[in-house]
Each structure stands twice: as structure tokens, then as C-alpha cells.
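First chain A sits with chain B, and in the next complex the same chain sits with chain C.
== the complex of A and B ==
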């Protein structure tokens, strides 16, 4: 039983890590709560579903359609709405409300096109799963865990080793000094939205492979991702992955010992503990403000 | 090299600068002095395109560059070192310089980097170190290095001596003289350490309450205590 709980924790943690990292990557340079990211995540699942059931495309192509849908939606929001708000030096409250509004409109659009009922994407026959030390894991779950690990490493390398990653970190560290250094902020935002939205799409698709989903799938996933970002520390990809794992594990232990209705409460209790005792997160730096 | 004509700007509705005329002659060091809050930083920021100019014109190399983007200015050989030893304090010394030389092709970046290491050997020793851990003087060197790596023709500096010990102030001033003399960089520097900056500059402006209160050779006011006091009250 313990082995199964640990494994379930790892699987849950991996999905939170994927959405958390995708959200955290965008939050790093932009510093506002991109609520609509929840829909970008759901768009991955629904894009794939549409490609399979409406266009009869093979799974591999359908997945690309799903990731593409997420990326296009994320980029469209950035290039039209957010960029216009930045030109007007809108306050972070305006950003938050706009983003929340976008989330609601887009989620309703999904309902309109696909209906509110529960959907699923099957990859191959329904399988019993593989046995590891008495615990069972399905191929879709193995995919979730391994993709989550691979993408954590990939995003870390992107941020630390590439020119683009350095520019993202520079804007995150001191946006004005990045401007002064001649870094094009719009370009940096464009690229982070492209990568972050594609990652969210991948997360949405992987979760859809594993479990049933409905148009509201994004909001819960986003909340868990955000909790992981806060626990992990903004700017630390490893921290986010660790934070996600912590929530996943704690939730599964909670399900085992006290019942499944406490899952969300557990995540927010952990969040509260971190906010009170370690607001900068596991590995993050203290947040500070700067102006010229 | 740089010519500012009848410039007016401010923040929101509040006007800070009125009718500013100033010039930075090619190959020379021009200084701006004046009391706290008089608008010196605002002048540099509006010249560089960080805040927008309301009225008037900024000319550089006989071109109108009023309200041009900072990226365009950087690519055109203008560099700005803002007030307060600003560096990317969550990044290493080397990464700071890589951001400074972001638009350089790989090969010329390496050449320019070597020049910076030669100019500031202390920085090379700490290149892998997080720049947040540098001392105030080292941060200022890094801030200068970040700006110089693009081989600018015009260097705008805002109080590079702020928070440095008297010895380091002289040290930084000597660097500025060296950068100007050896690399032929035109310098426009805002400074509160009046005595020190008057030693190195060729022309000085004083801004008081957002207006030019003095323009002339530094020698004329250097020993005139009454005049200096008047400019700062």
C-alpha cells in the first residue's frame, strides 16, 4: 500500500511540476498572474481531442495539433491583450482582472464547442499497468513522470546555458536594467509565452491520457501549479519541481489516511505554512523592488 | 556629439525638467552637477529613451533621436550606467557582461570581453561569482564593464561614485578619464562629488529645480566657493 501511495504521489507531483514550471517560466519575467494559463493548458487536451475525433488524425499528429493550439492561444493573448496593457503601463490589478476575464471567456468557449461533459482520450487498449514492488503504474503515467523529469532538466538548461535563457533571467532580475542593456523585452516575453504555453499544452495532453477531463480542468491544475511555484521559489525550476512533488506526496498520504476530499485543503495548508515561515520558497531568492 | 534642445519632461503630470539645453562635445567629458532631486537623473533617462520626452529634441551624431527606443540607442553606440551600482545581482559577473554584449556576434564578444578583463582584472578573477556578492566598488566596475563591452561612442553615467569610499571615488574618476582618453569615448556624467568631477571634466552644467543654472568651464567655478554654494542651495 505504501509503495502505491508513494507512486501516486510521484505521478500527481509530476503533473503539478509540469504545469508549475510552465506557469513559473512565464511568471519569472512578466511578474503577473497569468490566470488564462489554465485555459492554455486545457487547450492542449481539447486540441488533441478535436484532431482525433473530428479530423481523424493519428495520435502523434493530434498531439502536435494540441501543443500547437496551446502555443497559439498563449501567444495570441500575449501579443494582443497583454502587450497593449503594458503599453498603457496598466497596474498589476488590471492585469489580474483581464487575465481572469480571459480565462472565463475562453473556458466557456471550450464548453460551447465541446460540451460540458466528461471526455477522454485513450492511447491504445485499456491496460492493467505494470507492477513495480507491488504498486501499479500505467504507460500513460510512466510517460507523465518521465516527461516531467525530462522537461525540468530541459528548462533548467534553457535558462542557464542559452542566450535566450540568460535574457529571460536578466528581465526577471531587473527589467529596467535589461532595457538599459538593449534587451528587447517584447521579444523575451514572446519567447517565454511560446515555451511556457507549449509546455502547458504538453501537460494538459499528458493528463488527458491518464484521466478523464472536462472544460474546467485548467483551474485546479493551475492552482496546484501556482502553489508549487510559491513553495519552490520564483525563478527556481528545481524548486518548483520539488514543491510539486511535496504537494503530490502530501495529498496522496492524505487520501490514504484521511480521505480524498481533503486533497486541495492539504495543498493550501502547505502553501500557508510556506507563506508564513519561508515566503521565498525552498530555493528562491528574497523578492525585492528596484527603480532607477 | 550629443545636443539637447529645449527639453521638457517629467513623470505623470508632474513636470521635472524645463527648457534644458545642453551639449556633450565629441571626445570630451561633460559633467552635470546639482542638488538632490533637481532632475539630473531625469535628464539622462529622457536622453536615453527610458522615459519619454514631452517637448524639445535630442540630437546624436546630427540625427534626431528623441524618444528612440533604448535598444536602438544601445545598437547605435550609446551606453547608460544608471544610478546606484545596478548590476544583475542574481547572475554571475560573466553573465552580466554577456547581457551587456547581447547583440554582439560571438567572435567580437570574445575580443571585447578580453578588453574588459584587461581593464578590470579583479572582475576576471570573480567571473563565475554571483555579482550580488561583489563589493560596492566591484559592482560599479561591473556596471561600467557591462556598458563598455559594446564599445559605445557616448557613455551616460549617473553618479558612479555614489556610496564609494573617497579612495574609490578617485579610482573611478581615473577610470573615467582613462576611458575617455584612451578609447576616445564621449562622456556625459552626473555627479555629486563636485570637487572630484570638476578635476576630470572639460565642461560643466548645473541643474537646479529642473533648469540649467550654470554652464561653463570647470576652472571658473572650481575655486569659487560662493558660486558653488549658490548652485547647491
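== the complex of A and C ==
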């Protein structure tokens, strides 16, 4: 039983890490809560679904369509709404409120197009599972765990080793100084939104492979991602992965000991504890500076 | 006629919610995404007291205000140590947790099945049964809450709140205990929101957790912002506009399955449009800029 709980924790943690990393990458330079990211994530699954059931495309191409849908939606939001807000030097609260509005509009649009009911693009039969030390894991779940590991490494390398990653970190560190050094801020944001949104699409599709989904799939996943980002520490990709793992494990132990319906409450109690006692997360640097 | 009264009652409920949130968001600059949870606490407290103890209406309202205010203090005191969008996220977390409790503590709250059969209230022998009666009670409550809110925002206390909103450090430098002002207004707002919940529970006579979700919180925020943050009358206007506008869809002959989604899309789109082009809303004064 313990082996299964640990494995389930790892799987849940991996799904949170996927969305958490994609969100964290965007949060790093932009520093506001991009709630609409939840819809960008769902768009990956729904884009894939549309490509399979409406256009009858093979799975591999349908996945690309899904990732493309997410990327296009994320970039459209950035280029039309967020850029306009930035021109007006809006505060992070304005961004947060705007993205809540965008989230509602887009999520309900998905409901209009696809219906509110549960959909599925599962790969493989439901019963299937591979035995590892007495615990069962499906192929889709193996894919989720390995992809989240791979993405943690890939995004860390992107941030630490490439020119673009340095630009993102520079903007995250001090936007004005980055401007002065000749870094084009809009270009940096464009690229982070492109990569972050594509990763969110990948996350949405992987989760949809494993379980059924509905239009509201995004908000819950995103909130787990946000929790992972905050408790892991903003700006640290492996912090986010660890944070996600911590929530996943805590939730699965909760499922084992007190019942599955308290999963959300467990994650948010952990979040509240971190916000109150260690708002910079366990690997992050101090996040809130008071400026006069 | 019944329909018209129903709309007016709904507007009344949202006026109470929006005005109380406006005190927190518009006057004090604290973006709370947890208002629907205090609304829900009010509804559940009233429903449970009425169903299990058969206690009278006025006593239930007072209990709801006290409990909701207490909860506001329990959330507010620690959360108000964190600022701006982190505060918003903390209230978001609180909203999710209260929904989770309403939805999962089945033996106490009825879970997703909700609490049906809430009895009609009575005030000193006057049985409130018809739409007219409810409208009168809600009007009276609205007037009381508007009056209290008006008193608060025009008092020295209200001026300090605005000072906190505009420049927290400056207010602190002026020797004001910023934290206690914030907690106090958060508690007052939470208490007021529970009144709307009590009225909702009695009026509909059935409550379930779906009425008190994060979407409801965002709807109340939209009302405050579209009407105008930092202006009480703005919230009255916003509540009227946002309750009536989706009803227009009904007359356009939109099927109800689509209407529910369209309604949300209207709220969301209005929120985005106002944030982009008129962050102070129709008649507000606060634009979320520091």
C-alpha cells in the first residue's frame, strides 16, 4: 500500500510540476498571476480532442495541433491584452484581475464549443498497468513522470545556459536595468509566453491521456501549479518541481489516511502555511521588496 | 410581476455583497477573492440554525454576522501580513478551502446535495412569505448597510483606509496602525457579506455549495470594479447592471444551456474591457495603481 501511495504521490507531483514549471517560467519575468494560463493548459487537451474527433488526424499530429492551440492562445493574450496593460504601466493587481476575466471568457468559450460534459482522449485501456514493487502505473503515467523530469532539466538549462534564458533572468531580476542594457522586454515576454504556453499545452495533453477532462480542468491544475511555484520559490525550476512533489505526496497521504475529497484543502493549507511563514518558498530568494 | 420582484431581490443581495467588498477592495486596496466564502458562511449558518435549532430569523442574522466576522478575523489577521497579489492568492486559497468544507463535510452541510427546505422567516410574528415581503426586508437591510458603509467611508477611519490604499508606508509613518485598520475593515466586510448569504438562504429556501464558488467571488469583484472601486454608489449601479444585463439574454431567446455560459462570458469580458480602458469603473475613484 505504501509503495502505491508513494507512486501516486510521484505521479500527482509530476502533473503539478508540468503546469507549475510552465506557469513559473512566465511568472518569473512578468511577476503577476496569469490565471488565463489555466485555459491555455486546457486548450492543449481540447485542441488535441478537436483534431482527433473532428479532423480525424492521427494522434501524433493531433498532439502538435493541441500544443499549437495553446501557444497561439497564450501569445494572443500576451500580444493583445497584456502588452496594452504594460503600456499603461498597470499594477500587478490590474493584471491579475484582467487575467481572471480572460480566464472566465475563455473557459466558458470552451464550454460553448465542446459542452460542459466530461471528455476523453485516453491512450491504452483503462485496466492496463505495469507492476513496480507491488504498485501499479499506467504507460500514460510513466510518460507524465518522465516528461516532468525531462522538462525540469530542459527548462533549467534553458534559463541558465542560453542567451535567451539570461535575458529572461535579467528582466526577472530588474526590468529597468534590463531595459537599459538593451534587452527588448517585449521580445523576452513574447518568447516566455510562447515557451510557457507550449509547455502548458504539453501538460494538458499528458494529463488528458491519463484521465478524463472537462472545461474547468485548468483552474484546479493551475492552482496546484501556483502552489508549487510559491512553495518552491519563484525563479527556481527545481524548487517548483520539489514543491509539486511535496503537494503531490501530501495529497496522496491525505487520500490514504483521511479520504480523497480533501485533496484541494490539503494543498491550500500547505500554501497558506508557506505564504505566512516562508513566502519566498524553500528555494527562492526573498520575493517581496518594499519600495517607496 | 413576480419576475420583476425576483430581479429586484437579486439586485438587493448583490448590492450588499458588492458594497461590502468595495469597502475591502475599493477603499482599502486589498484584493480579496474570498468574498463568496463569507457569503456562503452566512447562508450555511442561517440555514443550519433554522433547520436544526428552529431559531428565529433575527437571531440567525446576528449569529451569521458574528461567525462570519470571526472567520474574517481568523483569515485576515495572518493573511494581511502579506501584500498585494500574494494577499489575493491567500484569499483564493481560503475560498477553495471553504468550498471544500461545504462540499465535503456531508454530515453537517449536506455536501453537494445542499440543504433543502429552509423555512420561511418571521420577524416578531410577521411572516415573510411573498416576494413583496422579501423585497421589503432586503431593501431595509440594503439601506442599513449602505448607511453604515457611508458612515465608515466618510469618517476619519475611512480616510485612514484610503491613505493605506494610496500609500501604506506613508500611512504608517503618520503613526497609524495600518494592520489593525486592514483587519477591522476585512472583518466588517465579511460580516456584511454574511447578511447577503442569510437573505439568499431564506429567499431561495435551498442552498448548495455551487452558489459560493470562486466564480461567484469573481462576479462580485466584477460588480465592484465595473460599478467603480472606491465609490459605494458605484457598487449599487454595478449590481443593477450586472444582474439585469444577463437577463436580457433571456429575452433574446437564447437557450438556457448557452445562456449560463454567455452570462459568464459577459462578466469576464466586461472585467477585461474595464481593466483595459476604464479601471475606475463607471463612477469609481480607485484604479489599482500604487
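Here is the rule we use: the second predicted complex is superposed on the first by the 283 of 292 C-alpha atoms of A that agree within 3 Å, B and C clash if a C-alpha of one lies under 4 Å from a C-alpha of the other, contacts with A are read in each partner's own complex, and residues count from 1 in each chain.
To be clear about the criterion, contacts are C-beta pairs under 8 Å (C-beta built on N, C-alpha and C of every residue); 3 or more make two chains touch, one makes a residue touch a chain.
Every value quoted in this text rests on a predicted model; they were computed, and no experiment measured them.
Look at A:182: by the touch rule set out above, it reaches chain B but stays clear of chain C.
In the superposed pair of complexes, A:3 makes contact with neither chain B nor chain C. When both complexes are overlaid on chain A, the residue A:61 reaches neither chain B nor chain C.
Set against each other, chain B and chain C differ in how many residues of chain A they touch, and the higher count belongs to C. Contacts of A:166 after superposition on the shared chain: chain B is touched, whereas chain C is not. By the touch criterion defined above, A:108 reaches chain C but does not reach chain B. In the superposition on chain A, chain A positions 290, 292 are in contact with chain B in one complex as well as with chain C in the other.
Chain C meets chain A in the complex at residues 31, 33, 78-79, 81-86, 88-90, 92-94, 96-97, 100-101, 103-104, 169, 214-215, 218, 221-222, 225, 258, 261-262, 264-265, 267-272, 275-276, 279, 287-290. Chain B meets chain A in the complex at residues 41, 45, 48, 50, 70-71, 73-75, 80, 82-84, 86-91, 95, 98-100, 102-103, 146, 150, 158. The part of chain A that touches chain C in the complex is made up of residues 32-33, 81, 84-85, 90-94, 96-98, 100-105, 107-109, 111-112, 219, 223, 226-227, 230, 259, 261-262, 264-265, 268-269, 271-272, 275-276, 279, 288, 290, 292. Within the complex formed with chain B, the residues of chain A that make contact are 163, 166-167, 169-170, 172-174, 176-184, 235, 285, 290, 292.
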